[in-house]
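As structure tokens, here come the structures.
Here come two complexes built around chain A, the first alongside chain B, the second alongside chain C.
On to the complex of A and B.
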């Protein structure tokens, strides 16, 4: 059996092992590869920079723990940016398993790092079922959709919500999304009716679909996958999990590119031999 | 301390390894983890649907005297009438209602949120003259590529006429645009999968084994 045949019949477990090593080794030996900020992420950063002090950012946690490696770093970084700029944060979510991740992020950044007060600087209305119908009503009357926060407090008892009643009281809507319901629903049912600033953070698998909305101006920013999260971490100058993960990403990508090239060489060589 | 003492972190760590053991070969440990996942998911979603949809929206208001809720409850029960051939005609009522509401919402959303803005985004640089007013050469090239890509890709999906002549050339160019789009999508998919792997491995090495800071 020659080299070409050996490679053609390579045990797939060897490939799994090398990919695992490509991800693990940079964790112990960081390469510090540069992370360039792309325009879609910069645009979101600039929109938040442009909001006046006290403006409300509505953040929808539309992901579950499987999306956390990509989206939780973006959530943390954007929250850092918002609180640093003295913006107010209204959190809710279209995915029930995302609620604890949202609470965790607000506790870590809002309370832990910036000492912000719940009910005054940020609120969390948790999971909102209903998808399209909920979003249509949300823009018209926030108090009607968000009658109680996740702790059971009435919306009327939350000082921050006194002046936040409808879509035109919101400075920016952010959908941190990994599927349905998520950014599509925010674009179709909320933004199409109420306009305003809408941006999204997506898992990498969903990100390519949203560039078209960026081009039309329906989205004012797009954070795509772990790379986008790492870019935002760089913009707020707080390196976290996404930045750590980018070395592993880059090494694993190089390895996969190598496998793709090798696979093609073997394919053509075998085809030529048979001819 | 080398490893965590948190019991749930241990459970998560061992279950993660049990799932990854499938990469070596199918085995009873993987099967056990798979069954635990399926069972937990079924239980979670049953409780979730009851406490987030059925109870607060239907049964709680009904108990408080909102008897209008009998209508959606009855329509919900009608969905089960298809289990018998004699009563299956009744399923048409709830299905018609769901289809009507969904279509009403979807058509407006598709037109307002997708079709009109996307068409405007494709053609407006030309109609507004923005393309000719801008001094950025590459932006203008981008507008042209976008328009050519949209038109040629649409012609690829036009099956009422044989793809010959101009239509054939256009659809062939459309295929290349589609291949570029699929390639970009595949690249992003790899990034997403590596991110998932990174998330799990980071958890194992950091939260469970404490070998990473």
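On to the complex of A and C.
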């Protein structure tokens, strides 16, 4: 068996081991590579910068723990930006398993870092079942859909909600999404009826689908994958887990490209030999 | 009658939903709102139905000692523990340090994140074995993939500053054009399927 044949029959456990090393080693020995901000992320940042003080940002947690490594850093960074700009945050979610992630993010940033007051500066209505139909109702009458927050407090007893009744009271809607129901439903059923600013944060695998909506202006910003989260961390000048993960992702991508090239060398060498 | 009644319900509700899009005035709008509320109620009930079904199916597997029935015990036990942790403290179960939040962030979170991250291993292995430039189309796809992989990580920028711009161009034009075409195709298919269901031509959902 010659070298080409040996490479062609490479045990996949060796591939798995190299991937593990490519991901783990940069976490212990950071490369500190510079992170450039791309236009879709910059656009979202600029929209939030442009909102007047006291505007309401409605953030929908449409992901679960499997998408959290990519999306939670974006959620934290955007919350930091909102509270720094003295914006108010209304949180809810179309995915039940995402509720604790939203609670943790608001506790960490809203209470922990910015000392904001629950009910006055931010509220959390938790999981809202019904997907598209709920979104249609939400834009028409927020109080009807969000009658109680996650702690059982009536919406009428939350001071922040006094002036937040329908879609036109919201400055920006953010769908942090990794599937269905998620950004598609926000675009098709909420934005199509009520317009306004809508942006999304997506896992890397989902982001390419949303460039078409960015072009048409249906989305005012797009944070794609861990890279997008790292870009937002850079914009708010608070380096977190996404920035740390970028070195690992860089090395992993180089490794995949290396394997693709190697696989093609083997393929062409074998083809040439057979011919 | 077992056939006609469901078909009549689909026809009436389908036509009504279409009409509400064009006539947002009372009393149609009010009736539509009532139907929307019913829908949310029914969807919420599915959570209980799903949980009940999960327990029933896995309970059956344990009872009959079907293949890998031991996993069903773990599943039902995990479901029970999470339900108990979520309910016994009521609203306070979402407080920091509660048993529910502890289990969520120390068991569910790492398990789900690990399962999702396994993709990296399989993608690398599959790229090595299957991502071959067999013809011109495959070569174009391969080059686009390599450019995007380089443009989406900081190391790409360190190699050449133009990679992110190339990536953005690929995403904004060829990618968006293809996605838009696919989306239009899907939507036309959905419209035709909805019409077939409303008109009673498509009946496979009743079987």
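Assume the second predicted complex is superposed on the first by the 275 of 275 C-alpha atoms of A that agree within 3 Å, B and C clash if a C-alpha of one lies under 4 Å from a C-alpha of the other, contacts with A are read in each partner's own complex, and residues count from 1 in each chain.
Keep in mind that, in the parts below, contacts are C-beta pairs under 8 Å (C-beta built on N, C-alpha and C of every residue); 3 or more make two chains touch, one makes a residue touch a chain.
Computed from a prediction, not measured in an experiment: that's the story for all the values here.
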Chain B and chain C placed together on chain A: clash or fit? clash
Quiz item: Which partner does A:227 reach: the first (chain B), the second (chain C), both, or neither?
Solution: both
Open item on the list: Per the contact definition in the header, classify A:103: touching chain B only (first), chain C only (second), both, or neither.
Closed with: second
Name the contact category of A:217: first (chain B only), second (chain C only), both, or neither. first
Touching A:64, do we find chain B (first), chain C (second), both, or neither?
second
In this superposition, the partner of chain A with more touched residues, chain B or chain C, is C
Exercise for review: State whether A:24 touches chain B only (first), chain C only (second), both chains, or neither.
Suggested key: first
Figure out whether A:33 sits in contact with chain B (first) or chain C (second), or with both, or with neither. second
May I ask you to decide whether A:256 touches chain B, chain C, both, or neither, giving the answer as first, second, both or neither? both
- Query: Between chain B (first) and chain C (second), which, if any, makes contact with A:129: first, second, both or neither?
  - Reply: both
Just checking: does A:195 make contact with chain B only, chain C only, both, or neither of them? Give me first, second, both or neither. neither
Dual-contact residues of chain A, meaning touching chain B and chain C, are 16, 19-20, 23, 66, 68-69, 96, 129, 133, 136, 204, 207-208, 212, 215, 224-225, 227, 249, 252-253, 256
In their shared complex, chain A is touched by residues of chain B numbered 23-24, 48, 52-53, 105, 108-110, 112-114, 117-118, 120-121, 146, 181, 184-185, 188-192, 194-199, 201-202, 205, 212
In the complex, chain C touches chain A at residues 33, 36-37, 39-40, 43-44, 47, 91, 94, 96, 100-101, 104-105, 108-113, 115-117, 120-121, 123-125, 127-134, 142, 145-146, 149-150, 152-158, 161, 164, 168, 171-172, 175-176, 179-180, 183
Interface with chain B, chain A side, in the complex: residues 13, 16, 19-20, 23-24, 27-28, 66, 68-70, 96, 127, 129, 132-133, 136, 187-189, 191-193, 203-205, 207-208, 212-213, 215-218, 224-227, 241, 244-245, 248-249, 252-253, 256
Chain C partner, complex, touching residues on chain A are 10, 12, 15-16, 18-20, 23, 31, 33-36, 38-40, 64-69, 96-97, 99-100, 103-104, 107, 129-131, 133-134, 136-137, 150-152, 204, 207-209, 211-212, 214-215, 224-225, 227, 230, 246-247, 249-257, 259-260, 262-264, 267
